[in-house]
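Labels for the chains are A, B, C, D, E and F, by order of writing; each one numbers its residues from 1.
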Amino acid sequence: MFYHSSKLQYEVRVEKPNPLFAKMLQQAIGGVEGEIRVAMQYFFQAMGARGPVKYRDLLIATATEELSHIEFLGHAVALNLEKAPTSMQEEAAKDPVVNAILGGMNPRHILSSGLSAMPVNSNGVPFDMSHIYATGNIGADMLANATAEAGGRVLAERLYNMTDDPGMKDMLSFLIARDTMHQQQWLAVIEELGGLEAALPIPNSVPESHEATKHSYVFLNTSLDKPAPEGRWTSGPSLDGKAKFSQAKAEPMGQEPALGKARPDSAAQKEQM
Amino acid sequence: MFYHSSKLQYEVRVEKPNPLFAKMLQQAIGGVEGEIRVAMQYFFQAMGARGPVKYRDLLIATATEELSHIEFLGHAVALNLEKAPTSMQEEAAKDPVVNAILGGMNPRHILSSGLSAMPVNSNGVPFDMSHIYATGNIGADMLANATAEAGGRVLAERLYNMTDDPGMKDMLSFLIARDTMHQQQWLAVIEELGGLEAALPIPNSVPESHEATKHSYVFLNTSLDKPAPEGRWTSGPSLDGKAKFSQAKAEPMGQEPALGKARPDSAAQKEQM
Amino acid sequence: MFYHSSKLQYEVRVEKPNPLFAKMLQQAIGGVEGEIRVAMQYFFQAMGARGPVKYRDLLIATATEELSHIEFLGHAVALNLEKAPTSMQEEAAKDPVVNAILGGMNPRHILSSGLSAMPVNSNGVPFDMSHIYATGNIGADMLANATAEAGGRVLAERLYNMTDDPGMKDMLSFLIARDTMHQQQWLAVIEELGGLEAALPIPNSVPESHEATKHSYVFLNTSLDKPAPEGRWTSGPSLDGKAKFSQAKAEPMGQEPALGKARPDSAAQKEQM
Amino acid sequence: MFYHSSKLQYEVRVEKPNPLFAKMLQQAIGGVEGEIRVAMQYFFQAMGARGPVKYRDLLIATATEELSHIEFLGHAVALNLEKAPTSMQEEAAKDPVVNAILGGMNPRHILSSGLSAMPVNSNGVPFDMSHIYATGNIGADMLANATAEAGGRVLAERLYNMTDDPGMKDMLSFLIARDTMHQQQWLAVIEELGGLEAALPIPNSVPESHEATKHSYVFLNTSLDKPAPEGRWTSGPSLDGKAKFSQAKAEPMGQEPALGKARPDSAAQKEQM
Amino acid sequence: MFYHSSKLQYEVRVEKPNPLFAKMLQQAIGGVEGEIRVAMQYFFQAMGARGPVKYRDLLIATATEELSHIEFLGHAVALNLEKAPTSMQEEAAKDPVVNAILGGMNPRHILSSGLSAMPVNSNGVPFDMSHIYATGNIGADMLANATAEAGGRVLAERLYNMTDDPGMKDMLSFLIARDTMHQQQWLAVIEELGGLEAALPIPNSVPESHEATKHSYVFLNTSLDKPAPEGRWTSGPSLDGKAKFSQAKAEPMGQEPALGKARPDSAAQKEQM
Amino acid sequence: MFYHSSKLQYEVRVEKPNPLFAKMLQQAIGGVEGEIRVAMQYFFQAMGARGPVKYRDLLIATATEELSHIEFLGHAVALNLEKAPTSMQEEAAKDPVVNAILGGMNPRHILSSGLSAMPVNSNGVPFDMSHIYATGNIGADMLANATAEAGGRVLAERLYNMTDDPGMKDMLSFLIARDTMHQQQWLAVIEELGGLEAALPIPNSVPESHEATKHSYVFLNTSLDKPAPEGRWTSGPSLDGKAKFSQAKAEPMGQEPALGKARPDSAAQKEQM
């Protein structure tokens, strides 16, 4: 069950409100790299967590923190929208900077939200929950979480580079730091469970008889005019310690697919029947 | 540039066509764990690859292989739909098995595709390209790719468990094997670039001054009634080798957010102004 | 800032796990009538709340409660999926009940989530955040919230009628009760601000000069062959106390729209230019 | 059945075509606050209307009017796009105003529609029909309709404030007026059916035995550090006249959710089994 | 401007209500082959029609007819849902036919719409307006319209084959007939404008200097192991009468794409810079 | 099965990188008129192709070519993003041109992709696979393909008009040419199968008894105040050679739809029961 405190997790200051930056910040709220995604992803993983209870506790604790991130980012968007131009009156239209702001900002920050944050990305596309990855497999989920936090930290750094508002830079430096921790904590779960060698291939519970293992450790090159790119993946021991990597040219092993005629009752053209 | 061979990468046999299994297989084509996703993800990552060329070559080679996976899975769906019931005529309606199949299969396999594969998941929801993760950061991308392949292998194993058609089991054992390799090859890129310690935190190019590092290695517990779940993430060296993990109770560090009155021109209610 | 307690807000018991009911319950989690929607809607309204602070407090308090509703519903879904069939092996296929369950349940409850809740509706369509209504106008928002809770209570009653599991009925009776309260509390805000007469028309801050008031209180009948349906809306005082309702036949007041020729550089057909 | 007259419901004049305003106007066509939404919402409610026939007649009459609103707004968008720049040729690129317009307008107004209206919002996101709320419960539906019209009138006022084109202001003053009427007519249905007291809680047909009524009239405060916000919703008679409002601190009433081990056949990691 | 008559365009009779067929019929309402799509597509094309006025009149007349098709199909869905099972009570659960219906029907027909039509397809996926094709080019639009009607007639025939309800067959025979006419009328526009030879290539207003015409009439074979499929498209005069078809093996004409190093400020990994 | 060559199908040169044009070009990648759409559409049609094998070969050959178009367009986007501004630092903010570019470009080209192509359209909306039309009917599919290529060529010409970069114009002239060929080749299939007269009405396999043919060749005018627009579709032989076109005023042939009372268990309001 959830509770709320009236203060933000981190302080939000905006010295120079900037509606273009408000648009950019939306990526950190409603983008696939954003906070709604991680909050909901960890929450749904927690609700489906089977196995040792402490991983469920870890997930729900961090899901809860991410809700607080949405909250202070939402406040940052609203503060950046203070003083945004809301009209195309003539004197404004003569000023190319005002013009560019009106054209460049998210129009729904005026039209739909009345100058506050929305659950959309920087293009104004609403977040959709198909991005909540929760497989029931802790290995797959921990990788998904580390991925989400890696994308989140890439985004936070790009936002940091974009602004010169000291308040925004300060807030983003906190986000960058938390994303550091979160990347590590999800990968630390894998390490605690024996590390990559024990975890791979995910799921590590597949019976050997289900896998055509002769295809499991060979890099297939589909290029017609370049040799296979060589690296850690073309020779040496596999990461799960079970085999050696090799490489081969990709070749068809199957038939030419042919479906025959269409059924009479299938509303195809007569010429197909 | 792409070319095509007329044969499938792997042989597809269906001994007992099953339209319910055709619906299930769609998850491997048009689900977020499916082949359209990985094909397009590796393709877009390749098109944006900056840095050593061999990683671009690796990406495009595997993108190309994944297109071939779509192709044989699409053939498997069509073969499973041969003999699907297309009518609710009375004698059929009396047979509860036929009834259950008609109710349970994807209706669009009859109505929209005329008994062949569609770019949708097992609920019939079309795949959308917001799931193509390509950040321009090779660390984030490799994690995203390993995640995709982990989800894919989890799915393939669940499909394997679901069917008792020997042809389908054989085809899925090949997919399970390729997903093993692909998981490993993406993680092998990280290993080649110095391993997790060098890669983390992603992006590893963030200047130290951009990060509030005192928050970077501490697990924050937001639980009101349970202690922090202890593990590899609460003590010991951090995975990037730069610090030690610790834990703390989450506490507000920010202000109570307050936006003041609504602007007169913002179409709020008078009572808000 | 958010916190979490380890116990559920309400007890969840499932005596007869039923994967079809698990699918149905998803509507209450990820449907437009569901809990993700209200949690996020109240949260975003709170973040944009301007005017008296107590309405923001009200919003965030209830947003927090709704997060707890997601949590216990998620647990209910997982419990209903215990014992779900995960295979089409031959003996199962002979049993029409098993067949109907396998065809009727959400396939992604097996394939994607590994037998737990997902942020999707009962068709398996992911929730998307375009349904978060937060206009910055407290009148519009309170109506939107009452609407959401009305839809939610309609849904909860339909789910109650559908199941005969006593644990599920008990949990739903709690949801029905909370939806009662939430409907009333949002409408109570309107009452506190002067009631409908003062609130209407929303926004009540539109200057009179912006409105062609001769069209503001007349019901327009567009029917060619039926008289206007008469009722409270065709005569008597308007609900805002400013005018009297009347009715009229709808008539065109504008021109025939005509755009002229296509531009030479617009890639139209020559015949349009 | 529908018919069409060749004239617009309201006159559309554009004195100073402005492609940025064309983009903004799209919100009134294809936004969630827009006319496609209300036209289709009232249409689907009419098709599912059970009970007194006059409400169906009311719904279909207004659905028909809203189709006419789409039509004149679509004409307004096209007129605002006359003279839009369609090229980035060099002299244009030197003019920052032209530049800002090209960057700020909806690119698909040039690229996809050839300078006319599209069924998208002001971000270019296509309208989707998940926003058509039609529950079969007239109380829930009337609230949904009043909500839609409240959002619509908020939007129309914001568009009015944004433009200084007299033709556009005139057209919008008509929309503001019609939204006034439509808000009132839907709420008038509730009044005719006995008013809020009779209608609440929606649905008013829930048997008392289905509701845990001790939770039905109490505001739950989830805040850790603020008292419950007091107001009409914390004391006094409930809006349905059945009880008195009260308040309480939210407390867990349920168990700690625990799912146990993962099934052997569920493709979880071995460590979860 | 639109008007409405109280009678349906075509009679709707359902002798044996069937909730599975209700689900199927939704494809004809909210599917990409359905009536919402064509109604809105012709409507938006009409609003953007430039050039001879009669084509706009043709478009809006047929858009209006399609609205009437939505209306009678919506009624057909509601009639098919009369008597649908709404509960999983025990005696029902013992009957595999009831079970199959409950599992197979669209659950939202009970949960969300209260037994009436929704703007969704047969998988329950809401229609979205990205499917409204209106380019401003009458050639492209007429082909899009003929395509939509071809898909619609394929669907109507499949629905006809699926049902044995005489009322439903009668209604569908009307839809099949109207789709015949609509296919023809859109292609007749092309014929009236000079036929395919004059219309192609669409747009026929592209200046010759914009086209690398040596690539305009040659079929490129990308197959590695099969000769080009020969047919009307590999030899003989082109359909626009301007050239002769030929064939060639596809070959790269461009460079190896290489983007160089990542920018220092782009949050890539250091190894890419 | 697919293979890849390391060179692009066509040369890509960008002389004056322009991030606004990068945004525009996205329409040709991830727009409904774009290359992902045609690649996937032809691919799925090929996988479902029944009847003469050569049409499957034709489809897969061109699907493969379209993948190569995605590839060179993706490179063009990346090259146009070289030198894009990534910061709002003060000196930049003073320059209205820089400002306009920052506001006008796709923010996710910086924030999400790190300066490379994405599978989205020019509004940043991700492509979704609901646009893959593959009906199993070769007539419907060929029209859909010609439509897609007509839309594609319209788009390519508009992009050509928009840029003055010689490299981009050259690349687009190739796309215009290929779209010419592809339009023709799909229509040539119809011609080879007997031409429109034999193909219409699609599907041409509908038994006559399924169609209410008295409604199949009559244009219905739904206008209240204009005569039917006369043309090739109102008189003369029908395009399938089976009948003569005529026209009539649209009239209701059905009943007034009425659903009666709501069921007691349907959670409607009491007043509806």
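One rule holds for everything that comes next: a residue touches a chain if its C-beta (ideal position, glycine included) is under 8 Å from a C-beta of that chain, and two chains touch if they have at least 3 such contacts.
For clarity, every value in this text was computed on a predicted model and none was experimentally measured.
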Set of chains adjacent to chain A and to chain F: B, C, D, E
Same-site or different-site touching of chain C by its copy chain D, using the half cut: same
Angular offset of chain B relative to chain E [C-alpha, multiple of 5 degrees]: 120
Maximum centroid distance from chain B, chain identifier (CA atoms): D
Centre-to-centre distance between chain F and chain B (centres being mean Cα positions), rounded to whole Å: 26
Between chain F and chain C, distance of the C-alpha-averaged centres to the nearest whole Å: 32
Centre-to-centre distance between chain F and chain E (centres being mean Cα positions), rounded to whole Å: 11
Residues of chain A whose C-beta touches two or more other chains: 1-9, 32-33, 47-48, 50, 57, 60-61, 64-65, 68, 71, 75, 78, 86-87, 96, 99-100, 103-104, 112, 114-116, 120, 123-126, 128, 130, 135-137, 139, 154-155, 157-158, 161, 202-203, 205-206, 222-224, 226, 250, 252, 254, 257, 259, 262, 265-268
In the complex, chain B residues that touch chain F: 1-9, 30, 36, 40, 43-44, 47-48, 50, 57, 60-61, 63-65, 67-68, 70-71, 74-75, 78, 112-120, 126-130, 132, 134-137
Of all residues in chain F, those that touch chain D in their complex: 18, 20-21, 23-24, 27, 31-33, 96-97, 99-101, 103-105, 121-125, 154-155, 158-159, 161-164, 222-226, 250, 252, 254, 257-262, 264, 266-273
Chain A partner contacts - residues on chain B that touch it in the complex: 3, 5-12, 32-33, 54-55, 57-58, 60-62, 64-65, 68, 71-72, 75, 78, 86-87, 114-116, 125, 128, 130-131, 133, 135-137, 139-140, 143-144, 146-147, 150-151, 153-154, 157, 160, 169-170, 172-174, 176-181, 183-185, 187-189, 191-192, 196, 200-203, 205-206, 210-224, 226, 228-233, 238-240, 245, 250, 252-257, 259, 262-263, 265-268
Interfacial residue positions of chain F with respect to chain C in the complex: 154-155, 157-158, 161, 224, 265-267
Chain D partner contacts - residues on chain A that touch it in the complex: 1-7, 47-53, 56, 86-90, 93, 96, 99-100, 102-104, 106-108, 110-112, 114, 120, 123-126, 136-139, 193-194, 199, 202-206
